[in-house]
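In the two complexes below, chain A is the common chain; its partner is chain B in one and chain C in the other.
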Partner chain A sequence: MSVQTLPSAGLAEGSRPVLLTDSGHKTVNRLTGLNIGVGIGALTIGLWLGVLQGLEHAGLNWYSYLAPGIKTYYQGLTIHGVLNALTWTTFFICGFFTYVVANSLKRPLRFPWINILAFVLMAAGLLLAAYPLFANLATVLYTFYPPMLADWTFYLGLVLLVVGSWVSGYGMYFTYGAWRKENPGTTTPFLALGALITMVMWQIATLGVAAEILFLILPSAMANSAFLVGLFPAIANWNTGSDPLLARSLFWFFGHPLVYFWLLPAYLSWYGMMPAQTGGKMFSENLARLVFWLFLLLSVPVGFHHQYADPGIPQAWKILHATWTMSLAFPSLLTAFTVIASLELGARARGGKGYLRWIFRLNWGDPSYAAQNFAMILFAFGGISGITNASYNMNMVVHNTTWLPGHFHLTVGSATTLTFFGILYWLLPKLTGKKLFTKTLALAQAWTWFLGMLLFANGYHLLGLHHGAPRRSMLGDAPYRAVEWTPYLIETVVGVTFLFISATLFFIVVFGTVLSPRSRRLAQPVEMPVAEPLHPGPTPKWLDTWTPWLAGAIALILLSYGPILYQLVRDMQWIPFAPRVW
Partner chain B sequence: MSEPRQEPVPGTHHEPGGDAPPASDAPPQETIHVDRFEAAWMRIAAAVLAIFFISILVSAFASGFQVPGVYQRIDPTKLYEPGSPFADPGLRELAPGKYEAYIRAQIWSFTPNEIRIPAGSEVTFYTTSQDVQHGIKIQGTNINMMILPGQVSTLKAKFDTPGTYDFVCHEYCGQLHHTMYGQLIVEAEQVAAQ
Partner chain C sequence: MKKEPDTPHGTIALLLVYALIIIFLWSNVYFTMLSRGVTQ
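Now for the complex of A and B:
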């Protein structure tokens, strides 16, 4: 297997590989555990709030039982979005990638303090944002569109979370840079490469939201804070206001690559780890590399497909972004073929036969494998509804209806989250050295999530498609709610019930594994699954080089965003922020 | 339930465990090995996406399908000044069967919240917000727009079928967002013939 071969000694003087020793492992494992632990903590709260939302839509308003913690549906919805979509994912990905980069390069972190600093920044940001969220001072949903204005600590907390994730990326880049110097002529292992590409894409994408918060929101939020003005009276004279259209455009510059930041870690596991978990091999490793490079190239210049219904953006620009969006589906379609082919190799090696009967020979008994395979199946449906959303014309039927939450609960809520659960089912035993508590519960968790999401998402998709029920609305109390909606709402509540069981099982498995007695120690340590390529062979240079891909990505962004952002900034209006509306 | 994707045909040259690479002892350095089923799938995927994209272009340019675009900016603090079409919004008849409807959005209502038109009418909607972001979707139609302070959103639709069409706010706008809606009533009497 050429990709992970260490160069023979003497290949280049003065550059000797630095090996991952026990203490190097320990640092990486601790950092990974910390990040993932915080992520799971956030998810605990976020998931259960989601259950309350589902029940509310069916007419069961249980928020009064949460007083004074959570006061309203919309406060719960904001916390659900921030904790699940922003916090859980970012912490998990930073932790998982730290692990993947070090273990795939087989090299300790170059500067562990950078990754420690990253974790501290992210955790501080989360704590800072948690205060206004739970005090009902930031009920602006996770998109925080101006002219709504939350407490300044909410925005500062988000900034710290994002900056922390950048710093986490820097730790990985330095490690990679050192590895390259020490291993000249060696192709970057696929797993490390995919993780690094994802972090670089994230670095570019988050510039949009950083600009939005720093220039269009945070100064006004600070000027609005009695506390800050008391400390620094000069702040009160700051010019307050925002341009809602420019703010939305900067948000969605970040908002779509955000979903690829969620998805690519799952792809990485599907391509490079899952085949090994079912006895298969990577069907075509070089294509997998190409797919990741294509995501670096195309993830960002597509934001206007979230703004098809916005005024003030010329239709030609929307169509241009529709073009890139359709192209972006191409690497995902490639993934569908290549990953399934890799898994099929495994099923056949395990004795699978026939055109489709081999499917039963996949490693369904392993919760780590099964959870990820379910995630993949759900993502097939989510991908189809995503192409509908991306279609300039069909989107008008479903824009901002419950179709959308239906869609992204199949993507970030399943493809990403259920895959991360699957990863945890080998990573937790790896980090704790203890057996999973228990395999059966974890399998039940995967099955209930799969069934629950199928029902929930199907109900939401259809309710939005047929009846235009608006998303982000307290539908249980809406005067326009019609009796024809009831069957779909019942379907979603059945789904939510499964999901509630699944979420509970997940926490039992996680906490049971972490807290279980030493007697449950593993006899043999678990290793990170690494799928070998089916056709080991040299990787062409152009698939292991950054400059052309990065340059292409930046050129496409300048082309697709440069002129229109210039116009939007030139025509900017300072529109006053609204008084508190929640 | 299996994935709605094309499966690789089994039993061909990539037998299980048969990791002998196909006759490619000296693969060229700069190209990558692509299995023939994979290559076929790549072509299918590209063709499908191209068809999707062409149908978008056809709907936009040949069938005249419209999404909101640039119309005009407006100062949300001056919506009530005399001369502003949003000071006293509502339905205006331009010609028999042709209307324009001005709708002002604010927390947590549309003004007006009831619009009556005869069946067969063509209505151009203009809408803006005086405070936070809102949205409007007229149920059963392709009218679906974001409503931002500072921008006027506009779209046109023809209403042939009599009935009551709810229009709901679909962007979160605060505590009573879910109560923000109005009704467009298409009355059975036909527009006088041209």
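Now for the complex of A and C:
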């Protein structure tokens, strides 16, 4: 990779800034495109299977048409969860952040081979996990709780995917480290800082799931493989079973911060990019920085709010985690205020008036902007149902009901995914150098997703709340299915129909843009939207310093997980894995 | 009192509405819980 260096006049030895040249851009763009391309590929399959689930709940079981490819509802559900929630998001985020870090620091990747290695590891992991998923050897849903046991290749594939995302983070840290040396005393640009904080939080959070897979599942999965035992007979002794409670606890050590791994890239765009797309400025960059540090501090020690119904976790620990969970509402509400204020600035600059009429002056005609704004609105409702889920005793009203998928389709399915679609509507033209295939269809995509998700999520929330309909169940075939469920199921099917149309439009826009002829080349290259701060000024040092925040995050995790994990390990009860029932 | 030019009045109005919606929807589930006799 060729890089251009500045003359060293006035700079200390070894601190010459390295600029992002055409060659550096090309490497970054290629890596971004590869990651996002694989992510979209996974989403293509995952979304269609989601449509089939919605139809099944309404009594239209179309899985038989997919046999022998997809054999059951539960296989489809597992593939939907793994491809959408784990694969699409992780690939998109690693690609998007690679782009953001390099372009925000205006520096080429320090060691591009690390980011290439990361992509190779992640892609290999996906391929390895895809085999058992499609061969119906890993129908364990995306949470893969023991005592269910999938084929060993599923777990190894997930390990590679996660390790690859760590390596992607290392590539960013090395780039940041080099930039730091070259720019002593300069405040880290907000976009780069937000991306780096998210990746560090992810590294910490994924330690839980890594420990779960490596110590509690993978050895037994390998021992269950006739192929592996034939090769290495000694591993047959590894089939020792697992402790489901410890495994679930380690999973949720990772599982809830996973939600913030999905959300923080969206926040980054809402804070640092969206205002620029509607003529606004960042209302307060310092508040935005504070929010990201607070998420580093608070994202991990909250996992037990997913385990309120688990009898093996003492109440005091659940209450502690419930408290941290509620405290996460603080940075989220700060985000609501700061982001909306930034957008209001833009709307008023475009002639907006009144207390609420300014909303109509936002840049609704731009699909990139509109998709992200719709994502924010849906997230506002997802936030409310999230506060409800996380309320200790009220959780029992909705626990394991369709309320939950209703909730997380407003978060990962809307706040995250619809924001990522919006980002793609400027990033794709940037990466391909071609105009967006059609703005009208992209706008229609944003509207249909918004309407579809409103109906779908509302139906699921109410069905769970009022009738306790269970989640993760083949409701269309359930003997306990009540006639009172029908209006809600009809509402969800109408929502799913909108979402199906929206997904189709999305793929038309994406593939239309990528495959369009050279004649659709842009006259002017697209630039990454970057919102300027309303009041540019020096950033307090404590908002650009890693040590206290990292130390605080580790201390909170040790405080909130240390003693109880010690207790769970000490009292571990190994039980055999269950035979496959799918 | 003279208004600051950058005061986000619209945002404050919108967030007040949002706070009311939160209270309404949260309370709805809370009263559903009570109606099921959870505290008995």
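Basically, the second predicted complex is superposed on the first by the 568 of 582 C-alpha atoms of A that agree within 3 Å, B and C clash if a C-alpha of one lies under 4 Å from a C-alpha of the other, contacts with A are read in each partner's own complex, and residues count from 1 in each chain.
Following the convention adopted for this analysis, a contact is a pair of C-beta atoms (placed from the backbone, for glycine too) under 8 Å apart; a residue touches a chain by one contact, two chains touch by 3 or more.
Keep in mind that this is a model prediction, so the values were computed, not measured.
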Counting only touches as set out at the top, which of chain B and chain C does A:Leu465 meet: first, second, both, neither? second
Determine, under the contact definition given at the top, whether A:Pro479 touches first (chain B), second (chain C), both, or neither. first
Considering only touches as defined above, state whether A:Asp151 meets chain B (first), chain C (second), both or neither. neither
Counting touched residues of chain A, say whether chain B or chain C comes out ahead. B
Once the shared chain is lined up, is A:Ile575 touching chain B (first), chain C (second), both, or neither of them? first
With the two complexes superposed on chain A, say which partner A:Pro311 touches: chain B (first), chain C (second), both, or neither. first
A:Glu491 in the overlay: touching chain B, chain C, both, or neither? Say first, second, both or neither. neither
Taking the superposition as given, does A:Asp366 touch the first partner, chain B, the second, chain C, both, or neither? neither
Doubly contacted chain A residues - partners chain C and chain B: 283, 333, 336-337, 340-341, 344-345, 348, 352, 354-356, 358-359, 380, 384, 387, 391, 393, 396-397, 534
Quick one: in the complex, what on chain A touches chain C? 283, 333, 336-337, 340-341, 344-345, 347-348, 352, 354-356, 358-359, 380, 384-385, 387-388, 391, 393-394, 396-398, 465-466, 534
For the complex, which residues does chain B have touching chain A? 1-10, 14-17, 19, 21, 24, 27, 29-35, 37-38, 41-42, 45-46, 48-49, 52-53, 55-57, 59-60, 65-71, 73, 75-77, 107, 131-133, 135, 137, 139-140, 142, 144-154, 166, 168-175, 177-179, 181
Under the definition above, what is the set of chain A residues touching chain B in their complex? 72, 74, 141, 145, 147-148, 243-245, 248, 281, 283-284, 286-287, 290, 307-315, 318-319, 322-323, 326-327, 329-330, 333-334, 336-338, 340-341, 344-345, 348-349, 352, 354-356, 358-359, 376-377, 380, 384, 387, 391-393, 395-397, 399-401, 467-468, 470-475, 477-480, 534-543, 571, 573, 575-576, 578, 581-582
Any idea which chain C residues touch chain A in the complex? 6, 8-11, 13-15, 18, 21-22, 25-26, 29-30, 32-33, 36, 38
